[in-house]
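After this come two complexes, each holding chain A, first together with chain B and then together with chain C.
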Partner chain A sequence: MKLCGAVTAAFSLPAGFKRDIAYATEQAIKKPPVIWLEGQDCAGCSESLLSSLNPSAEELILETLSIRYHETIMAGTGMVAEHAREETIKEGGYIVVVEGSIPKADDRFCEIGGKSFREIVMETAENAALVIGVGSCASYGAGIVGTTPSEGGGVAEFVKNKPVVLLPTCPVKPSRLVSTIMYYLSTGKVPELDRYKRPVAFYSELLHDNCPRRGQFEKGNFLTDWNDPRQREYCLLLKGCKGPRTYTDCAQVWWNDGANFCINAGAPCAGCTQPEFYAAFSPLYDKQEIFNIGPARSINLDSVGAALTGAAAAGALAHGLGRVIFEKKDSQDQDEDMREAL
Partner chain B sequence: MTQKIVIDPVTRIEGHLAIEVEVENGKVKNAWSKGTMFRGLEALLRGKDPRDASYVTDRVCGVCSASHQWASALALDDAFGSDVPDGGRLIRNLILGAQWLHDHPLHFYHLSALDYIDIMAVAQYKGSDPGLNAVKGKIMKLVQVKDTAPLTPRYEPDEFSVTDPEIVTAAVAHYLKALEIQAKAKRMGALLGGKMPHNAAIVVGGVTAYPDMQILSQYRSLLNEVVDFVENVYVKDVLMFGTGPLLPLAAAGIGASAGHYLSYGGFPNSAGNKDLLYPAGVIFDNKTDQVERVNYDLIKEYVGYSWYDDGPGRHPLEGETAVNRDKEKGYSFIKAPRYVGRAMEVGPLARMMVAKPEAFMKLINSGVKPGAVARHAARAVETLVITKQIYRWLDEVTEQVASGKCRIHDTDTWEVPENATGAGLNEAPRGALGHWINIRNKKIENYQLVVPSTWNLSPRDDKGVPGPVEQALIGTPVPDVNNPLNVVRIVRSFDPCISCAVHIIEPDSNRILEFMVG
Partner chain C sequence: MVKSSEIAVPRRVYHWINLVSMAVLAVSGWYVHKPFAPDLMGLMRYAHLTAAYIFSINLVLRVYYAFGKNGDWRKYLKPQINRKMLRLTFRHYLLYEHLPEGDHYRILQNASYLVIVILLFVQIITGVLLIEAEGSLPTQVITLLGGINAVRQGHLFLTWVFAAFTVIHVYMAFTEDFPKVKLIFLGMADEKYSGQ
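What follows is the complex of A and B.
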């Protein structure tokens, strides 16, 4: 039931849903078969799933899901493993989770069991009920891997005839994956998605708007020295924080079961939910002179002053902030602007 | 008669690996280790702000992410001339220490144990232990609905498999408990690093997270729980298996490499990356009493059998190679690093052979020969070694925070130097890890990694000398070619990480660096 509560909360569902989800979970005897495919990955998303304490990794592996194929954890190996995947495909109606990107430069840059990863994804998606891309690499390809000579692409670029949900962050946040699967099982529907196929429930709000350090931003308190305990809670904009460009619930739903998140550890947000991650967000640890979103919406600090209190603007100027965009916009417009700018 | 076995994919490792062996008269006659995935991360870094490197290379591997981030930060510290303050060094050690505590037990229980136990023996458990009966109940529930994935399908148990229901049921109970423990160890890392895997806090000059007493006390309470499991369950299990049911496998030295060991050393106990918890050293030809100094100039990477354009063996910073999947002689995306021409084994066994802690030498003297089982034992012993040290690091940093004197970052060297080079050499859970950076005009001109699994899983070098895993496989008994359990036992004992192992080398300037450790 803890799991059900988490799901209903995540998708802001009415209380009745908790019962439905509980019922769906009770039918555990028919646990959803899952084929978890790893392409150009680092296994970080798999490791992230295993980092879950509530629900526990044990609950997920043995009670919630029927993981028929997962290279990192399954007992079978070689032909035995591939056979398990083939048998599940014959059965149909399973969920495919894709971790890592798919190389576009040459099929042979990622082969498993003598088959290219692209082929494996295509044939596995064929009889799937739902395809979920976990992590930034499977979502955009453009993540860490996409801009390398192997030209990794995201799963949605390849799978067109099945519902695809993308859950970017590096790595995937386990609660998002579990909630998405449980929501699908209990409602038979894909959660409402934005244009990047990300569930609106997790990706509709700007990190900057919910940041616990937002007040420091407003006051113009920007961290310049990590050693100074007085600056501990200061805004990380001058250290390169991409919070003003990043749509995520990280400020509300912390990592490792609420232990922490990047900004709370003094580390600037790198924007890993966004298609710009990583290359367009470089340098990660320096303020970008401007978040390049096109001339019409560029605002420099002179005009920011009108929107902010005078003191805040003065504080920001004193820190040599340069131009910064902080107005809240629809994520889709903003991403569109970014695309154009690129 | 010679028969060829292809195991593709080798599962329960990190990344994509295929193993091919030729079996003659029930023994492996020849072996090939094939990395089948290519990413090319270093190219992504060219032209970027050098400070990005620690964040980006953290993404090389999702299991030992912090090790890469740390090696990268060490390379940047070297290039920037950073003097990491004590607090920064200690917090790095604590984040990395937590990673080791999650990584080693996870390798034993979740990646390896299923090769050594017949999990279905749980059904035969007849004892009265309520905990074990609960475990039996969980497994039987899966069996009843005929859905035992991911525990099946599998290779069938063989003569070395442990089938005693009591031992197996306890092992399965520990497998499940270890799932919780490794998640808690990750949480320890997240408390200081923001999240885990892929923490965000280690940067050039130190770390970003200024700790408070509350976080340190949460870390300590999780540490107590994890260490209790390590000492009373994990290490005991490894010793019980190694000196009990698996002793025949251990005493036969199944899975021994050629006996060349390399450790760069890691975990500084004092400033300047000095006084290392795991010492650096080189051993040749199993002469474990002759530990030599590491000379980093002597590392060369060869590509004769790798899918890259041919060229002479080169030091990582002189490399000039382009991916070439059409090369007929090639059979792997992994390169072949060699130290004075030798294929070196790196990792827990190499570290323990160099360090020789008493607990480990006792095992060796009791008949556990270097090989697959000894690798598991070395991993367990070095986990014990580090747990004791983590408490010391935690005490030191707690004292600094309490007295208000904790410094975590060298802010004076934060700006990027115009031109510089740097090396970051340390020990990841899987072995010796090196990052090299070349900065020109404040941008990354070249970035190189030589990682543990590149050493261990390397293909043949230009002279045709097989890599350590290939060598370890030769001679392995394979009574049933349809069930090559010993082969995967040996491969997994190295804890392969192929995402790490495959990378490309970019054309570099003509500079040659000398890297020495104290």
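What follows is the complex of A and C.
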């Protein structure tokens, strides 16, 4: 019931909904089947969900959902496991959770049981009721520019004919995943999404506007030395905080069942809810101005600007010197030339 | 020196407001970008936004004036560029040959002002998007421009473009046509001045 309350609050539903959600959840016999697919991932999102305390992993796996297929936690292996997936697909109406990106460069970068991950996702999504991409990789195909020859893509780039909800952050925030599933089960609807297919309920506010260190930002207190105890509470902007460009409710709904979140724990926000993460936001621990446009990648914007202005100043200086040395005295013919020209 | 109405008062007022608001915008914007002193963020952001509004209104009024009765839009939108003029201008810049009296060398300069004014409007739009990022129209525009990070970087990059332009602008004004500097700032002319 506590969880149902949390879901109701998360989506700002009328209080009565709490009962509906509880009802839906109680239809435990008809536990919603879930197929959890892992592509180019690190299993961090699975870890994140399994470390959740409310609901606990047992509650989640054994009571709330019916997880039919999950590469990391399922007991079955090989043909048995694949068979469970195929059976569920035949049943239809299940929820597909995709963790990790899908290679775009070549199918062979990620194959499971001899089948490419792309095909697996497509065929599993075929009869699904809802597809949820969890984590930044499944959402945007996030990767470190230049080091991912597989060119990972997000699930929404592939699955077009089914409702897709994306829940970026690295890793996925368990409360968001559980709330999204609960919301879908109790209302039968996909929550309102923003332009990146993220539920508006979690991703509509700028982190910087709700940050506990915002007062320090306004005061102009910026942490420059991690070892200085006086700077402990200072704003992390100069240490690379991406909060001013990141839309998330991290500052209001803390991680790990409300234990803490990045900025409060002293780490600058990496901007993990945004499509710019990681490529356009790196380096993480530096205030960065790295261009992320075509060939201009990894060029520092301030260097370009300073070079531009410096060149203008140097040019003016050189021209001025040249003028002193070379300037010719007035010439009548040039005047005439010009008059003709105009 | 005598009083001169060579450059109309609205143009001079525009230039002053433009100069001051741009200077405030540059300094406060740089502070927001890289805070160089403690305890000023609130003030600097306030100054940045206030100057931004003054600057924008000023610019819009100047464009309105340009198309008005005594407007000078022709100078900017229809610069009389031809090959001979270009040749002479470049010889003037590169070989320091004298140009004839009059306004001719400014033809290219005026063309560059047109580019800068367009970029200034782009700068205003990116600035507005950065403070009003959440509505549905801003959201669409931001997506079109490649995300909030790209908008922010565009805003910063254009600042550098204006900085570089200002360096050249000031150098050229002072060396090419110092009388005009006096005209635009003070409305005073040497009696002999025959520019425009």
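Please note the rule applied: the second predicted complex is superposed on the first by the 283 of 342 C-alpha atoms of A that agree within 3 Å, B and C clash if a C-alpha of one lies under 4 Å from a C-alpha of the other, contacts with A are read in each partner's own complex, and residues count from 1 in each chain.
Operating definition for what follows: a contact is a pair of C-beta atoms (placed from the backbone, for glycine too) under 8 Å apart; a residue touches a chain by one contact, two chains touch by 3 or more.
The shown structure was predicted, so the numbers you read here are calculated from the model rather than taken from an experiment.
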Which superposed partner A:Asp249 touches (first chain B, second chain C, both, neither): neither
Greater residue coverage of chain A in the superposed arrangement, chain B or chain C: B
Partner chain(s) touched by A:Asn260 [first = chain B, second = chain C, both, neither]: first
Contact residues of chain A, present in both the chain B and the chain C interface: none
Chain A residues touching chain C - in the complex, by the definition given at the top: 194-195, 204, 206, 217-222, 237-238, 245, 274-276, 280-281, 287, 289, 291-293, 301-302, 304-306, 308-309, 311-313, 315-316, 319-320, 322-323, 326-331, 334-342
Residue numbers on chain C that touch chain A, as the complex places them: 34-35, 37-42, 80, 82, 84-85, 88, 93, 95-101, 104, 133-134, 139-140, 143, 146-150, 152-153, 156-157, 159-161, 163-165, 167-168, 171, 175
Chain B partner contacts - residues on chain A that touch it in the complex: 29, 31, 33, 38-48, 50-53, 56-58, 61-62, 66-78, 80-84, 103, 106, 108-114, 117, 144-145, 147-150, 152, 170-171, 224-227, 229, 232, 239, 255-257, 259-267, 270, 278-279, 282-286
Chain A partner contacts - residues on chain B that touch it in the complex: 6-16, 18, 36-41, 43-44, 48-49, 51-52, 55-56, 59-63, 65, 85, 106, 110-111, 114, 119, 138, 142, 145, 147, 149-155, 176, 179-180, 182-184, 186-187, 190-201, 203, 206-210, 323, 325, 404, 407-409, 411, 488, 499, 504
